[in-house]
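Take a look at the structures below.
Two complexes, one shared chain (chain A), two partners (chain B, chain C).
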Partner chain A sequence: MSIDELIITLKDAIVGLDEDLAEKTTEEIIATNFDINEIIEKGITEAARIIGEKFESMEYFLGELLIAEEIITKSLNRFIFVLPAGDRIEKKGTVVIATVYGDIHDIGKNLLSQMLKIHGFEVHDLGRDVPSIQVVNKAMETGADIIALSSLMSTTMPSQKEVIEMLTEFGNREKIKIIIGGGSTSPEWNESIEADGWGETVWDGVAMAKAIMGVE
Partner chain B sequence: MEAAQALGVDISTLCAGKGTCGKCKIRVMGEATTRLERTESEMKHLSEDEVQAGIRLACLTRLGESTVIYVPLRSRVGSQRLQTEGLDVPVEPSPLVRKYRVTMPKPQLQDSRADEDRLLAALTEQYGLPELGVDFDVYRNLPVTLREADWEATAVVWGNRIIALEPGDTSDRCYGLAVDVGTTKIAGFLLDLRSGAVVGVAARMNPQIPFGEDIMSRVTRVMMGGWDAVNELQGAVISGVNEIIEECCEKADVKPEEIYELNFVGNTVMQLLFLGVWPRHVAFAPYTPAGRRGVDVKASTLGLRANPGANAHHLPVIGGFVGADNVAVVLASKMLESDEMVMAIDVGTNTEIDLGNKDLVMADSCASGPAFEGMEIKFGMRATTGSIEKISIDPDTFDVYYRTIGDASPIGICGSGLVDAPAEFLKTGLIMPRGNFVTEMTERTDRLRKGLNGWEFVIAWKKETEIDTDIVITLGDIRELQKAKGAIHTGADLLMQRMGVTDESISKLVVAGAFGNYIDPENARIIGMYPEIPLERIEFAGNLAGTGARMTLMSAEMREYAEEISSKVKYYELAADKDFQKEYINSLYFPHADLTKYPETVELLRRFGQKI
Partner chain C sequence: MPVPPWRITSVLRRSETGPLVTERDFDRRVLVPEIKRVVKEYDIKYDPETPVPSDDSLAKDIWNAGVDLFLSVGVFCTSTSRRMIFTDDELKEALWNYHDSIELGIGQDRKTWSPRSIEDPRRPGCLFSPVGVRCSEKNFVKLVMAYMQEPLADAVSTPILEKVDGGYTKTHSPFEQQGGSVHALNSRQAAIRVGRPGMAICLTGTALSAASQIASSNPIWGARPSDIRLVSVISELKIDHDLMNKALHFRQNGANIGTLTSPLFGAYAGIEGTTVLGIASHLQGLMVNQGNYTCYFPIHIRHLNNTSREMLWLVSLSYQALASNSRLISGSNGFAVAGPCTEMVMYEAGLHGMVSAVSGAAVLWEIASAMNKHFERTTPMEARMGCETGLSAVKSRLKRSDVNEIVKKILPKYEEKLGNAPLGKTFEECYDLETLEPSKEYQEIYGRVKAEFRDLGIDYIY
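Moving on, here comes the complex of A and B:
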């Protein structure tokens, strides 16, 4: 098979949740003189996009999402492991991500965190119930482009606002974009706290991050 | 929405007016001037036809001066089948309130003891009571009461205090009220404290619902509104309880003044909102309650309609998300006295799960959501007249047989029907274990089709219904049900894993809660709501929290026992478990991703021809 065919096979294996085929194809690609960025672009992110569509149409649910993500992460790690010195994955941007202070519900946040990594972002995942000051500090320390904040319980939504206020206080509001999501949030909430974007799904989050960085 | 609240029209809302639930659709009639364009959130919930017809979300619509609004049936909270009955567990009556008829000699120049001394001495003489305290309100009226009564009176004693003094002999009239204050529903039971007999029952929707259907929305409301909002929410629930008191009293021919003791159970947030405590911190990690122990307060302080001296007690709670209602469930299920392992599941918007025996009981809570109460389901509704409560599907013809409450034409589907639907789909091969419709089945039935919101299955055709449209279950509905049952299963399964308990070793599964009595136990097990415990070990207890509330109203020992339960039951924080995410996602499958957990169900499905 040509490298193009192999990449398509990998993509289809991921979309079809075929772990064995994905693993086999990954090894076959590694045996060739491969370009990591081509694989990510044409294979992996394309697969993620199709899975996103399937999730949107509800053909796939959380279980399928998680399986796909595991397959992708495994394959990606394998590529990175054998990556020749000098080759590197194009970094799309740096994201600090957290479930806000007061909230410990992190399934959605974990999915976005993984998906951003798959799409070539450097991700600093601070976990859950993270004090706002910690989010802001980490973002300044890493020179983050984006802060992504999740809140499931409506009682913890104000913590998103708090991060924005702190960032403004530190004079860094202009440099760092803030995207929000989570069960209790809405576009209206996004507008009222003057965040830079609200997403309902993991794919909305990825799309916003890409748009902010001006990358396809 | 505010106008409707002011007028007392109950419009359904789940999101506390944030525009995210889409349950509050109204039609603006005529040339009403409505300010504000439809927002993005609003448009998401409206079809093109609805926009044309002037349908809006009540919570996002600002009214002009004078407007006529039509509230469709589907958006009304409606009169509900308020399931109040629960198992009856008899207890030996030993109420905290007792009445003593007492006669005293009239004061004379030779006997000029104080009125209070005279009363207390007579009580000691005639009943051997130790020297009691006297409530200040009783004390103030003592000289008048005793003289008007001509020195024959009935003392109402709570603990070691006289809380009321009544002229003459009223010792045969002594009542108490047990109340289960649920997030959605309040149920009250009027009991004769001498015998323990229930003389009146009444239930109401919780009047706090317009402030948000779930407890988190209500706490958010308080965080935005401050103490005024706390008072408003407290006032709402108290007014609901007062209506219940009135109704119970009328039914039983009892005067509210003859109620001397009130006993309340509710989840921890409801406890705070009932007592008027600042509730934010219980809704914020690490979710600490204000107090764990039971609370005693004068009913009059809370504004409750009862005897002015009556005592109101709120049972103790266990943790931030496991409240007094769960203490009542543990108490009534007697699991802390059992040699064998018992599991109790109290299904609600928040579902509490207890597991254990006399050595140890652990409890956790999961946000199962309101799907089984019909919320977030396209044609979901509460168990009221016209709701489909039972569904079965013919595996060959795919004809649907259903039964509605009150045998009325259907307007929607309630919780028990929503348990039946996915189980029937699974049995007839219409869906796969991961929840998807098997789209090839369109060749065999036109009930399965692709609708505006994706795949759906017709339960009732337009011509059969009351609402002039096909009643369907959508793929989106199935996803919501998967999440709800998945959360409950995760709560049960992780408790079992952490305690090293297997399906076989559970001697009894008590399923309590709003629709407890009406769900089909086998169908609930087929969809994997709970572990595969033999059906004969499953017991439906109805409103077990209400049962526990009655028991602790009637018996001082039981009330002490509730304190013991509160301190003994170990709270387990489910969302902090390292396997929570994995287990939750596996539990989303019908019945589970790991089919070895459901051998009997798998065999049943295979018999029906499912290829799993």
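Moving on, here comes the complex of A and C:
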């Protein structure tokens, strides 16, 4: 198989959630004189786009996203292991993501977390019911570009506001963009707390993160 | 009367001693594959041409798949990362010992809710609910009074108090506890003012944490054991110790405990799998949450509603499965995309009410407006349409096939607008806050939609 065919096979294996084929193809690519950027652009990014479409059309769900993310991570880690010195994979950005303090509903957050990883972001997923100060500390510690906050319950929405206030008081508001979402939130809430973007769907969240980082 | 909880200490122990598994593996290697397995094995298929099926064998398959799923997966405790597993005999014991009815409220305001069957001529119970809409302290009592004065309401739910004494009622903050208690106080005050002092009230949405829920149970604030107290299922098939603390507190203090469950279509599964999850989550409510009844609000992950074609299919079959295979008392909680004072929300409410009632729901728990997320965008008129239409469909002795035809005629009026629905108006824009009367505009919209439903075969009582 040519390198172009191998890349297409890897893309199809990721989209088809075929772990064995993805692993085998990754090794076959490594045996060639491969260009990592070509693999990411034509293989993994394209696979991520198709997976996103399948999620939007409700053909794929959280389970499929978890499998796809595992396949991509495994494949990328293998490529990184054999990359020549000086070559590196450019990450699209760093995101700290959490379901806010007091809120235990994390399905929406989990979906966005998986989609961001699949699309090449470095994601620090802090989980559910996360105190605001923990989110802020993690963002400052990792030099995050974006904080993504989910809130389902009405009484937990003020924690999104609290994170913004803390970042402002620490003098880091200008460095880190805040995007919000979750069942109880709305564009009006986004405006009132001066967040940088509100997403109604997981796909909105990915699009906002890409727009903030200026990447495709 | 409610029976004692099902082996509560055994349930508590299982959260400490069940098989250890990471949450990722529970989701990836247990829950998702098992959902796929049961949907395939029981051959459950969605048919968009029949939003309200009359296929008894399909309802039976959904029940059996739900039981199979619950027994094979169990419930994941996020506090301990352990699976709580149950046997077939244990489930049968809990179902066999389930009560025949529950009573809510006290004195003249006491009501009884009982299980119903498919196309049952007996009327379902009615709970009028602004669900979780945020509300100002200024308008809280008036809004709740407007709901409580509705004659069809057996009980009411109450909105979320957004701020109290100048602070956001942020979960885990002291304002949450203050807000929860004031929420109970103001709700009871509203009940007294409308002359229904013993009415059962769903308390206390402002208090999300166990600590604040427990604080708001103090009777000096107005809460009573005869009120409605809810313990959530974490979607899907999960629970944590904070929720179990609530359940323990409600049970030990004789409160009228119920389960709140919301399977999400589009998260872990498609419409068939989510329907099966709905049955399994009812069983979690019985065995783990220790609920005497369930508030069931399956939700479309994108539109945040359950009034679209596939969601009405899910609602109908969930209730057909529950009604024909168990005595579980479940309230069908509507979620509409459109907001108050729009024709669309009237259509959504009417369809949700009639589908639920004819499919066998014990209680009509109507209805969140404007996706339950916009400040004070809720009024009793939406709940009135859902309940009045549901009760009238029962009175009209409609069959599932009759309702299926009505749904097919009405759905095209709003299906295309689900992604861009009108948000309508706020309570203050729809109601006179002094007289608590709905606006002329809203009454006219209500009348027009009711006339359309009447023309399609709903024989309204008045």
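Methods note: the second predicted complex is superposed on the first by the 203 of 216 C-alpha atoms of A that agree within 3 Å, B and C clash if a C-alpha of one lies under 4 Å from a C-alpha of the other, contacts with A are read in each partner's own complex, and residues count from 1 in each chain.
By our rule, a contact is a pair of C-beta atoms (placed from the backbone, for glycine too) under 8 Å apart; a residue touches a chain by one contact, two chains touch by 3 or more.
Since we're looking at a predicted model, the values are computed, not measured.
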Partners on chain A (chain B, chain C) - clash or fit: clash
Touching partner for A:Leu62 - first (chain B), second (chain C), both, neither: both
Which superposed partner A:Glu5 touches (first chain B, second chain C, both, neither): neither
Which of chain B and chain C A:Thr201 touches, first, second, both or neither: second
Which superposed partner A:Ser184 touches (first chain B, second chain C, both, neither): both
Which of chain B and chain C A:Ser154 touches, first, second, both or neither: both
Which of chain B and chain C A:Glu162 touches, first, second, both or neither: second
First (chain B), second (chain C), both or neither touched by A:Gly102: both
When the two complexes are fitted on chain A, the stretch of chain B hitting chain C, from 93-101, 111-119, 147-155 or 525-533: 525-533
Shared chain A contacts, counted only where both chain B and chain C touch the same residue: 58, 61-63, 66, 101-105, 107, 153-156, 158, 184, 186, 188
For the chain B and chain A complex, residues of the former touching the latter: 16, 18-20, 39-41, 216-217, 219-220, 223, 280, 283-286, 434-436, 454-455, 475-476, 479, 482, 573, 575-576, 581, 584-586, 588-589, 593
Chain C - residues contacting chain A, complex: 24, 27-28, 31-33, 36, 78, 132-134, 160, 162, 168-172, 176, 179, 205-206, 208-209, 234-236, 240, 242-243, 264, 266-270, 299, 301-302, 304, 371-375
Complex interface listing, chain A residues touching chain C: 58, 61-63, 66-67, 101-105, 107-108, 111, 128, 153-156, 158-159, 161-162, 183-186, 188, 200-201
Footprint of chain B on chain A - complex, ascending: 57-59, 61-64, 66, 101-107, 110, 129, 153-158, 184, 186-189
